[in-house]
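There are two complexes below, and they share subunit A, which is joined by subunit B in the first and by subunit C in the second.
And then the complex of A and B:
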């Protein structure tokens, strides 16, 4: 299920025309069954971008099409004696008009916020994960079945069902929060900084979980500052800067683009920088094979063997 | 006069605590309920004035709990806590907290003001700073963290990283003698993180007496400290210089923690039958592999 954004612009404070747009003329196609990372410095528009994907924010102008679900805020012009000008009234009407069936969109696109564990509120893990499906009109039995399936997927077995989510570790709480979204069986899972605050093991487990979800056919879109995650898991990476998409490529191409990186706030992952140094010193490594320390060791071993 | 006397009494040093101590924990424990697990378990620690200490540990190890106890947000259920030799009690906690500034992991937990300016002002108002001087201080601190163009913005229009910068500005405006950073750069890009580290380094250069506790999951950042403390299940399991602590690869990995990149790569190479020999730095590894 592709997501198509056409000329999307968003201003947080539309009343102040001088306010800088958080998104500016963004056009992109996010393909079905893709694993896309969204990166860029603080305030570049990443969170604003992803909140558009399930209609939590509506564009100030522009169009978003999620597999036929259309949010159309393209500008309306009126004719005047001197030509055409933006029809403010018609635009205001568009903004006021509540999007119909927005729940349909939210079912398709599950959004996991920054620190999702802060939104947990029910007294038991199972009840918390059931909340979403129930809210979408499922029966108690259907909700519980969906919740149990989602909890199994995130690696929490039935011993967790009746525990209070508040006594779990940070990583476990985040799993509960993600299960709450997965219980809605979204076709696209969008996550805002999912690894922030997790220790090394928690990060590895969570990214392993997202890989499993991806392999079962769900598209993943994640906003992150974690370049190790981008290199290891993403197939495509969009770079946002001051609300615009300034680069659209693979992680491999991006991290080799020294001219682009020099003028940005980005830094390739440690493992990649080290591999580049080895290449500069004459080791014939294939960067395409390098994702982390283990794959770099594999690649070094391969090159050393071929020399002998 | 009586008030002054009272304040002096409340802030009386305990002569048993070393003169150079900034934070002294004496068998400190904390649990939310009497019969629930201890999140901090009998921890004793002496952090000296001017020390930069990194605190690492897996999620739920007790790092943030320890920070909140030192900041007086939580009250210990066992043991004693001393700041600059003064034992923290219900009566003097507010006075002692003036010396402590903290930036939380989730900036939403500490955004109080309706605008960035109000938020930075909050801490200053609590310190009874002259309102005439306040605007100047707020602007200077916002400039330090690169948020001077956002002073009138409300929190919901800011990104997570921007909120973290505002929280940092609010802290440095108060000039605390003890700074606690609980993953204060977690939501920033690599260059933003470096900028935060530079601000802290600069503060430290200007006032070497500042004591810094930096809770982090990032090894490179932890390496910059004078001392690294590793917490596991509410207890201190390692305490030493970064070099001392980070040689314990197996122990760190067993506690779900990351190890330095060089150590990780050397271990992976050895598994594949490549032994680069004794390696002390990344540069040495680079040279060994290209030989």
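And then the complex of A and C:
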């Protein structure tokens, strides 16, 4: 089920029209069963974008359609002496109108915030993971089943169920928090910089978990600064700059476009840069095969073999 | 959670530039003067008319100060609209337990008589509350939080003589003030995270809402404890020693306007005390017919 954004603009401070919008005329279609990465510098609007996907923020103007759940803030214009201008009163009315059944949307789109461990509050791990499903009207039994399934998925076994979440390590806490969202069985999982603050091992585990979830049929949208992750896992990458989508392509195409990267002060991942150097030195590597260090090694081996 | 109430607004006016200690003392004098009785004493009762007149004078003074300090009076009154719950409470209280009975009856609600005196008393209480709110609002919108704590520290200076660590309290207050926006930010973040887990802070039964509040408060406490621990470490790492003698980043300089405003304040205080003690009441002196009210 696709997410369609049409001309979405968002201002944090609507009352000050001179304030720079956090999102400006963003249009995109996020396809079903896709693994999309969202990159851009700090303050480029990544988090704002993400919060629109499950209705935590409503667009100032624009339209969002999440598989039939419509948030319609399309602009209304009125004619004045100065030509057509935005009809403030009509827009205000639209914003005042309560979004119906926003919980349905939140159930479809699971959102994991940056440092999700802050959302933990129950006294045991199992109870905390059950909290989400229960809020969406599941029975105790159903919630527990969903919670156990989610905890198994994130790699926490039964020994954790009755422990206090506050005595766990940082990485474990984060996994509990992510399980708390997974237990809702969302059709789309949105994550805001999930690998920040994790060590290399934790990052690898988490990303492994995400590709497992992805392979089970959940779409994943990921805001990140980590280009290695983008190259290795994403199928599509959107680049945000000052609230606009400035590029929409595959990681391979993006990282090959050196001029664009330089302009948006982004660096391709180390592996990719290394491969580019090798190509410049005359090695005929196929960049499409390179996703991480291992696949680079394989590709070098393949090229060498074919030479001989 | 509206952070705009009583928030410092940067301007360059006489009131803003005034020494924060004078403003603090002025605020205290102002608050006291509103609640003093000025009317002539008659046995068992106080004449409230004179009180109302004096409070009216104070009200005009407060508005003048707000005008000089470029404090938006409209904004002030908008904030007063938050008083409505207080008004309702007072209305109910005064209706069921009227303090001022007797005199003329204005109208009946059911079998209960409502006296003019009760209504008058209610208006009088509200009037004083409004003045108090205006005063504190003016103080907070024209004084930086840091200056406020500086003034408080100065005011409590005598307590140092009995070995109360005033500067430590001042530091605690300024830190608390500094972290209010951070706390609001944290709360917003947690609320959004919990909303993604299906929490609705606005709807649901009372039990659901309490539970929803718990899901906000516990994480908020956890993160505040963590932040405070980290802050303490960071302060120590930069050499903060609570017992050493502290210097000030901001030196207080006394200027002519401070002297003049102190004199004006002293004059005002003198007038207030004189009137509160002598109770010169023209309403009684010239026998203006008034209702007998208990003040």
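Following the convention adopted for this analysis, the second predicted complex is superposed on the first by the 301 of 308 C-alpha atoms of A that agree within 3 Å, B and C clash if a C-alpha of one lies under 4 Å from a C-alpha of the other, contacts with A are read in each partner's own complex, and residues count from 1 in each chain.
Criterion: a contact is a pair of C-beta atoms (placed from the backbone, for glycine too) under 8 Å apart; a residue touches a chain by one contact, two chains touch by 3 or more.
The structure displayed is predicted, hence computed values, not measured ones.
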Fit or clash between subunit C and subunit B when superposed on subunit A: clash
Subunit B versus subunit C as contact partner of A:189, first or second or both or neither: neither
Touching partner for A:54 - first (subunit B), second (subunit C), both, neither: second
Which superposed partner A:181 touches (first subunit B, second subunit C, both, neither): second
Partner, of subunit C and subunit B, that touches more residues belonging to subunit A: B
Touching partner for A:120 - first (subunit B), second (subunit C), both, neither: second
First, second, both or neither for A:197, with subunit B first and subunit C second: first
Touching partner for A:267 - first (subunit B), second (subunit C), both, neither: first
First (subunit B), second (subunit C), both or neither touched by A:304: first
Touching partner for A:131 - first (subunit B), second (subunit C), both, neither: second
Contacts on subunit A seen with subunit B and repeated with subunit C across the two complexes: 118
Partner subunit C, residues of subunit A touching it in the complex: 51, 54, 56, 103, 106-107, 110-113, 116, 118-121, 131-132, 135-136, 166, 180-181, 184
Residues on subunit C engaged by subunit A in the complex (per definition of touch): 186, 189-190, 192-200, 214-215, 218-219, 222-223
Subunit A residues touching subunit B - in the complex, by the definition given at the top: 12-13, 22, 39-44, 46-47, 114-115, 118, 167, 169-171, 193, 196-202, 225, 227, 265-267, 270-271, 274, 277-278, 281-283, 293-294, 296-298, 300-301, 304
Complex contact set, residues of subunit B against subunit A: 36, 57-60, 105-106, 108, 156-162, 164-165, 183, 186-192, 217, 220, 256-258, 261, 264-265, 268-269, 271-274, 282, 286, 289-290
